Structure formats: C-alpha cells, structure tokens
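As structure tokens, here come the structures.
Shared chain: chain A. Partners: chain B in the first complex, chain C in the second.
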Partner chain A sequence: MATALPTRTATRCFRTTRPRTCNQHIHSRRAFHSYDHPPPPGPFGATETLILSAAYKHVPEHGFTHRALSLGACDAGLLDISPSALPDGAFSLIRYHLYTQRLALAAKSSHIFQGEDAPVGVGAKVTALTWERLMANREVIHQWQEALAVMAQPSHAPASLKELAMLSDEIWYLAGDTAVDPSWYTKRATLSMIYSSSELFMTNDHSPDYVETNKFLKRRLGEVQSVGGALGAIGQWVGFTASAGINVLRSKGARI
Partner chain B sequence: MNARSGLRLGARALRASTPRAPVARPFSTTIPQYDQGKHTHFGYETIPEAEKQGRVAGVFTNVAESYDKMNDLMSLGVHRLWKDYFVSTLNPGATTPLGQPQKILDVAGGTGDIAFRMLHNAHVLNGNPNIELTISDINPAMLEVGRQRSLALPAEQQSCISFLEANAETLPSSIQDNSLDLYTVAFGIRNFTNMRAALKEAHRVLKPGGIFACLEFSKVDRFPLFNAVYKQWSFSAIPLIGQLVAGDRDSYQYLVESIERFPTQVEFRDMIVEAGFDVAGEGYENLTGGIAAIHRGIKPLR
Partner chain C sequence: MSPTLCIAKSMRLSCAKTRCPAIVRCLSTGSTSPSEQGSKKLKTLTKEQREYLSSALRVNQAGELAATLIYTAQTPPITNRHPHLRPLMSHMYEQEAAHLRTFNGLIHKHRVRPTALYPLWSVMATGLGWGTAVMGREAAMACTEAVETEIGGHYNAQIRELLEMITTWKQEGYDVGSEVEELVQTLRRIRDEELEHLDHAVEHDAKKAEPHWLLTNVIRAGCRGAIWASERV
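After this line comes the complex of A and B, so read on.
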C-alpha cells in the first residue's frame, strides 16, 4: 500500500497523500489562466475518473443514471456498489460530461481556427465555438432533458451554474477576447443565456444535422449584437449630451 | 415504573463497577498486546488504552435497552433520517445483473439499525435477496438487542443475517481478506480504542472497489451560531435526558464528550485516506449542518 502512495499525490481529489498535504484545499483550483504553469488537476480523482469514464460510455443507452454508473464500475473492474463513493451520484456523471467537453473545446478550437473557412473576428469565433460545444452534446442529446432536470435540482444548481459560467468564460477566452472593461461580465452572462437556451432548443430539435438549432443560435447571437449595439449607441449619446450640457453650463459661468 | 427503577438500579450497579481503577473491570478483556503505557481518551478523561474497551463496553451495556428511545429524544428523531439517507445513498442490493451476491459487514451495528435498513433496501426496494449481511459488535448486550429485533423481520430477511461478536480492530479470520463489498459503521467508530487499526482492518477485508462508509457525529464549526445552540443542547440537555429516561447520566456524559473529542470531518477523511482508501470529492458529506457526517472511501484497484 505504502509504495502506491507517491504516484497518487498528483491527483488531489481521490487522494492518497500524507496528512500534511491533505490539509490543503482538496480542489486545487486556480482563479487565473497561466501560460507558465501546468493546469491544476481536475476535480476528479483517479478511481473517480476510472468509474466515470467507463460509465460515460453507457450514457447514450442508459442516460445519466445510477445504472450507467454501476455498469461502468463493473467494466472498470470495480464493484456494483463502487459508485456510491461518488458524492453526487448521477450528477457526478453529468459534471464529468460538462467538464470533459469544456476541456475538449480547447483542442477543437485550434482545429476550427485553421483552414480556409476559419472564422474571422471574435464574434464569428464565439459562434463557431458555441456551435462546436453544442455538437458535443449530440451523442447524449436524447438523455439531456433528464440531465437538465437533475442539474436544476437545488442541491446541484450552484455547481451547474458554475460549470456554465466556466464554459462561457472558456469560449470567450478561446475566441481571443481580451476585454477587461465591464463588458467582461455582460459578455459572459449573455453567452451563458444563449448557450443554455440553445441547448434546450436542441433537445427538441429533430431537423437533420440540427440546422434549426444552428439558426436559433445565430438568431440569438444576432439579437445580442443588435441590442448590444443599440445600447452602446444610447450610451454614447447620453455621454455626449451630458458632457456637452456641462460645457454649456460652464460657458455660462457655472462653477462645475 | 418498577421496571424502570429496576433498570436504573441495574445501571447504577453497573456504573459503580465501571472501572476507574483497573481492579474491577467486568467487561474488559485486557488485551496483552497493547502497551500499558499508551493512553487514549475516554470522553474528556485520559485513560490507559487497555482500559478503554472495557469502559466503552460498560457504557453500551448500560444504554443497550434504552438505546432507541434515547436516540429519538437526543436527536429529536433526526437520527432516523440520517440513517435512512446513509443507507439510501449506499443503495445495497442494486446490482447488475440483479441478484448478484453482495457481502456486507455492519460494524458496531449491534442493534441492527443500519443492517435492517440495508436489508429492506436490498430485498424490498431493489428486489435482490442475494445479500449476505454480518452484524458485528464488540458488545454482546447490544448484539442481543439486535438479535431480538431481527425476529420481527420477514423470514427471508432473517436468513440473510448473521451475528458476530468481534473487535473491529482485529476482525476474526472468518472474515477473509478482499471478501466484502461494503463495510459500514454508524455511530460506532468514535468509541474504538484505535481507529486507525480499525480503518486498516476495513481496508484489508474489503474487495478492491469495495466501499467503506461511516456515519458519525462530527463538527458544526461552519455555523458558529448553530454550533452554540447545539453545544448547549448536547452538554446540558443530553446528560439530563439520560439521567431522567435511562437513569444513567455518566454514559450520556461520555457520549457528548466523545463526540467533542472526535476528529473533524477533514481530519477523519485524512485518516481514511491514510489507511489506503481513495475518496471522491471532499470525501465527506455533512448532515444537519455537520452534526453528523458521512465519510465514504473506496478501496482502489491497486
């Protein structure tokens, strides 16, 4: 047993480390992106990943359920009861889907952004990435309504929303958005909204290759751009009028 | 009334003989391998390790009969919810294909509280009668309570149970290495003289992929205000209830002190990890703000 310990220290969640290191926070997360340091280990530990990755193969047939988990555990050489070690049960499997598909986006993005018909500009890249992420649900879309219901349960909602926020952050980051003004927030909020509504639309979409979902997504993104543009124009007008008004008052001798 | 005063008298007699000095120790079997110089805690007292087992035995012999009534009063009935939840998250008997055998050991489960729930879960909810359940306890009095209660179960459920009087720190050789699917201990591990030894033993007997699950009182440190109320309740009300209902203040004083001495959620999780288990996520789950907590570990493949 003791000889197995050092190899496992890398994974923080399923940890078999010494007590001293155990006192560190168990999810070693980083609130920033670093080019110089390797990414922190994910939220899933060794045995947890073993179960979840094996169970994930059963999702198209059995959904995000305990049954998929226990079939997966058996495939991985564990026992039927092993998945009961997972803290959130079936939700762990949903989180695994969200997490792995979010990370997969980075690899896909370099693929999308190469070639002749590569999207140009941040807006087009965001559209392409969002579409790519929606397509990652293709295999499990018939189980996704059930998954959304689980995600919406009060005990799981915070984790689901966090995952959604991280997804839109990832998309904006990969699209090359570097804005650091208050639009940082509005961009992420609107993209989260658009992504989740498109996802919901997709669960009922039976058109070939989800063309309806694609149109839906483009309509929503277009709306945001036009509304965003209108809001920006209004803001500019208000700002100009206000400063002009102040200047007029100053020219009249007001001490402003 | 007669019965109660009888119980009370009995309890008092037992309490009187509960050893302070190592001379009279009715329930203790002094274990020679323990170093006499080593000390452990018994509530807030520090006592030689060899003595703890006997002292705990005294406590549980005293409380065995009024166990259920007292649990209801002390936890205001919530302990039933905790136990239900504990068993339902483990979901014993849910196997594919259905009917595959599952071997379960319920340690410190004398009164059968957890074991009977697991049986119900497997037999009734999952329709899988193919489980083997061993109820183990160090204390014959508690085990006797469980044996009596098990007579009320349906016959097919009774046939799945066996009783075992054993020390969880050194399980008998009848429980082989890598032989169990599930090892549960509910409100018991706190009383073990050597928790690390018991965890190692749990790791030994579980199959790879087997689950160690522990339901135990824990800390409410995250909610200071609630914690204050809870502490007030446990240090003032619980010994008083014990005195009035079970006629035994000392045993319940020990109970609250031992809860206070039990490691925090994180410390205990680290002990589980140290024993060779993997944990998923935080490795524990708080119930009622942390008054109790469920710790689960999984024995890794290698």
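After this line comes the complex of A and C, so read on.
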C-alpha cells in the first residue's frame, strides 16, 4: 500500500497537515471521553503516520534518529527529505512510540485480565499493566537512554511529561480505579514516578527477562502501598478523634 | 417569601421556553428529513465542546460535593435546636448525596479530571454549613437559599448550552447521541430538585435572617467565585 502511493500527492497532503504545531495536539486528550461520538483525530496526520510507522521499524537498529526517519520515508515511497517536514524531527518518532504503545495497552489489558492467573484487585492490575508497558520497550530498550535525553530537552519536556501523565491515567483507568477525589492526583503522580524510574532502571538491566526490573518495580509499588496505608490509617484516626471530641462537647450542651 | 418563589418558578419557566424550540425542531426534522437511514451519524465533538463538557462535569461534581458537606455540617446544630427539621434536612442531604454519586460516576466514565481544589472546597463548604447553622435556623436557610439560587441559574446556563449544541447538530443533519441527551435529562432533574430546596428554604423563614441581604449576597458571590475557579482548575 505504501509504495503504491504517488509521491507528489503524498507530499501535498503532507503540506496540509504541516501547520499543526506540536502544542495543538498535545492537549487533544484527557478532555471528556465520549462513547457515542467518533473519537477526535489522533496526534498524527495520515502521512505522518505513514512515515513514522515505516521509520519505527528501523528504530532497533538506528535509534530514534533522522537516519531511521529517512529510511522510513524511503520505505513508504516518499522522498527521503520528507521527514524534515515533521514538526519535531526525531522527537516525533519517540512520541509515536509512546503514543502507539499507550493505545496498545487497552487491547493487551483484556488479554491480561483473562485466564487463570489473571490479577485480582486494582493494585495487582496496575502492577500487571505497568509491567506490560515496560515490556513494550523491550525492542528499543538499548536505544532508550538516548530517547530519554531527547525527551528531557526543554522544548520536548512538556510533551513528554504530558505523555507520561496520560500513560498513568490510562493504567489507572484500565485497572478499573474509580476514585474521583484528591487521590486521583496522588495515584497518577506516584505511578508516573514509579514508571519513569523503573524505565530508567530497565535501560541498565542485563538480567534475563528483566527480572531485576520486575523486582525493582514491585519494591517501589509495595513501598507506595505501605506509605499510603499508613497515611490512610493516620487520617482515619484523626477524623475519628475529631468527630468524637465534637460529639462529647455537644453532649455537654455546647451549641456547636 | 413570594419574590424568591417567583424566581424559582421563573427559572423553571425560562428553561421550559428554551426547551420548546428543540422539541419542535426534533419533531419537524423527524418527519421530513430524508437522511434517516437507520444508521446513527454523530458528529465528532470539537475540542471546545469536549473542554466545555469536562469543565461542566468538573464544576458540577465540586458543587454537589460542597452541597453535601454544607448539609452534613448544618444538620447536627440545626436538628439539636429544631428537631422538627430533621426530616427536611435528611431529605435534602440525601438528594444532594445522590447528585454527588451521579456526577462522580459521570466524571469517572468520561475520564474527566476532578477539580484540584477539592480539599479547599471541602473545608470551605463544611465551614460555611457549620457557621450558618450556629448562627441559627434562619441563617442556615438563608445559606441554602443563596446557594440554590446560584446553582439553579448555573444549571440552567449549562442546559441552555447543551440544547444549543443539540440544535446545531440537528440543523447540520447529524443525530444526537444518547450520552448528551441523557446528560440534559439528568441536569434538568437535578436543577428541579435544587430549586425545590430553594422553595423549602424560603418556606422556613430564610428571609428572616439578619442581615439577610448581606448574608445571601456574600454567599452568592462566594458561589460564583467557586464556580469560576472549579471550571478552570
């Protein structure tokens, strides 16, 4: 399909998608997910997807670089200069990885949650999904330190953080968490921290099947659970004592 | 007593008026439009529409949370001194708690971010409820009157906006999904229940609070500020 596309029309339709800046579509999600209406267009145009999906196959060998992009453009039957029209250059390829792997998680989750040893409970599901997402980096993990360096550049950091936030939102949502109080924020913030540190750990992990990363991830999640449990217990105790105190005062006739 | 009752009635009427054209249009296109081929054709929500719906759900959740906490805090001091108000207070509380559950469910379903000021609204609503209840029955009722007046107007504005959205879709030949239609129904039901609370408050001497004008205006200004902030963060 890719090679059949005439180059000229492809570049023309590319031009129409060109003016969309990066910032415009960063914020295109996380606002009112509708089940009736067709979804809004994704962050990449048709030609962008064509180039990026072809270039993605070259990432394990060439990394998230312009080299991979121009090889991808050639594979897609476009001029090898066409990737220079991508608004963020090599970062577009990184974002393509983050975006497609995040969306792939929904399909994988139904697979993970079926079967005999399926995780039970929100916590176990979060662990399983986070591990699944880490394993999606397996093919590109030797290129990932470079990608992290690109993502940390000041011009790309906001988009990268936004992707991280959407990933942890996706994981909590798929795990079936229904909290809509301030813990909504703390849950997403802690999972983002845990995920990014595990990812960093994984870039240096040479153990078979990344068992060390798995242990690292489970330790971090366990720590958060115990701290969260302790804070919850303290909060419960304070609340109980306060309401008991007020009720004692009321029983003494105080008009409060 | 009568002026506020009038407000409550005119609010319902004003929305009944906006409801009419939509119904008429729906009937007329239903009988004449040739595009009804069975399959549902829905328009993709624009970025502005999605942002509007998110901020609407977010502010409604914050408002119902505050209302629940106001009644929770008001109930002990009020029912201590006026045991006959116990059924009314628990009736109003239960309705607010049901509204909160509705919006909590919608926020989760549509993956909307809850307001970041949640803890602040919790503290302020509890303080407001307890403070007015300690001031006396009239002050507590004046608080209900002020809050529900603002909330009624706020829900009406949302319903009007959604009906406008629906009308535009119909004019362009698109169908209207059950999601938005159900949302309008839910908002109408909740709006009516809130205005019922307003009537109850006025029946129970809200107007006799001293000084009524100061109390209600301060609370109403606070509500408007809270709505403004919750729509944004």
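As a working rule, the second predicted complex is superposed on the first by the 218 of 256 C-alpha atoms of A that agree within 3 Å, B and C clash if a C-alpha of one lies under 4 Å from a C-alpha of the other, contacts with A are read in each partner's own complex, and residues count from 1 in each chain.
The rule is short, and it goes like this: contacts are C-beta pairs under 8 Å (C-beta built on N, C-alpha and C of every residue); 3 or more make two chains touch, one makes a residue touch a chain.
Because the structure is predicted, anything quoted here is derived from the model rather than measured.
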First, second, both or neither for A:G245, with chain B first and chain C second: neither
First (chain B), second (chain C), both or neither touched by A:D169: second
Chain B versus chain C as contact partner of A:F32, first or second or both or neither: second
Which superposed partner A:D88 touches (first chain B, second chain C, both, neither): first
Partner chain(s) touched by A:C74 [first = chain B, second = chain C, both, neither]: first
Partner, of chain C and chain B, that touches more residues belonging to chain A: B
First (chain B), second (chain C), both or neither touched by A:P40: second
Chain B versus chain C as contact partner of A:G121, first or second or both or neither: neither
Of chain A, residues touching chain B in the complex: 1, 4, 8, 13-19, 22-23, 26, 43-48, 50, 66-67, 70-71, 73-74, 77-82, 84-89, 92
Of chain A, residues touching chain C in the complex: 27-28, 30-41, 169, 173, 178, 180-182, 184-185, 250, 255-256
Of chain B, residues touching chain A in the complex: 89-92, 94-96, 100, 102, 181-182, 203, 207-211, 213, 266, 269-270, 273-274, 276-283, 285, 296-298, 300-302
Chain A contact footprint on chain C (complex, rising order): 42-45, 47, 49-51, 53-54, 57, 61, 76-77, 80-81, 104, 107-114, 116, 118-119, 130, 134, 177-180
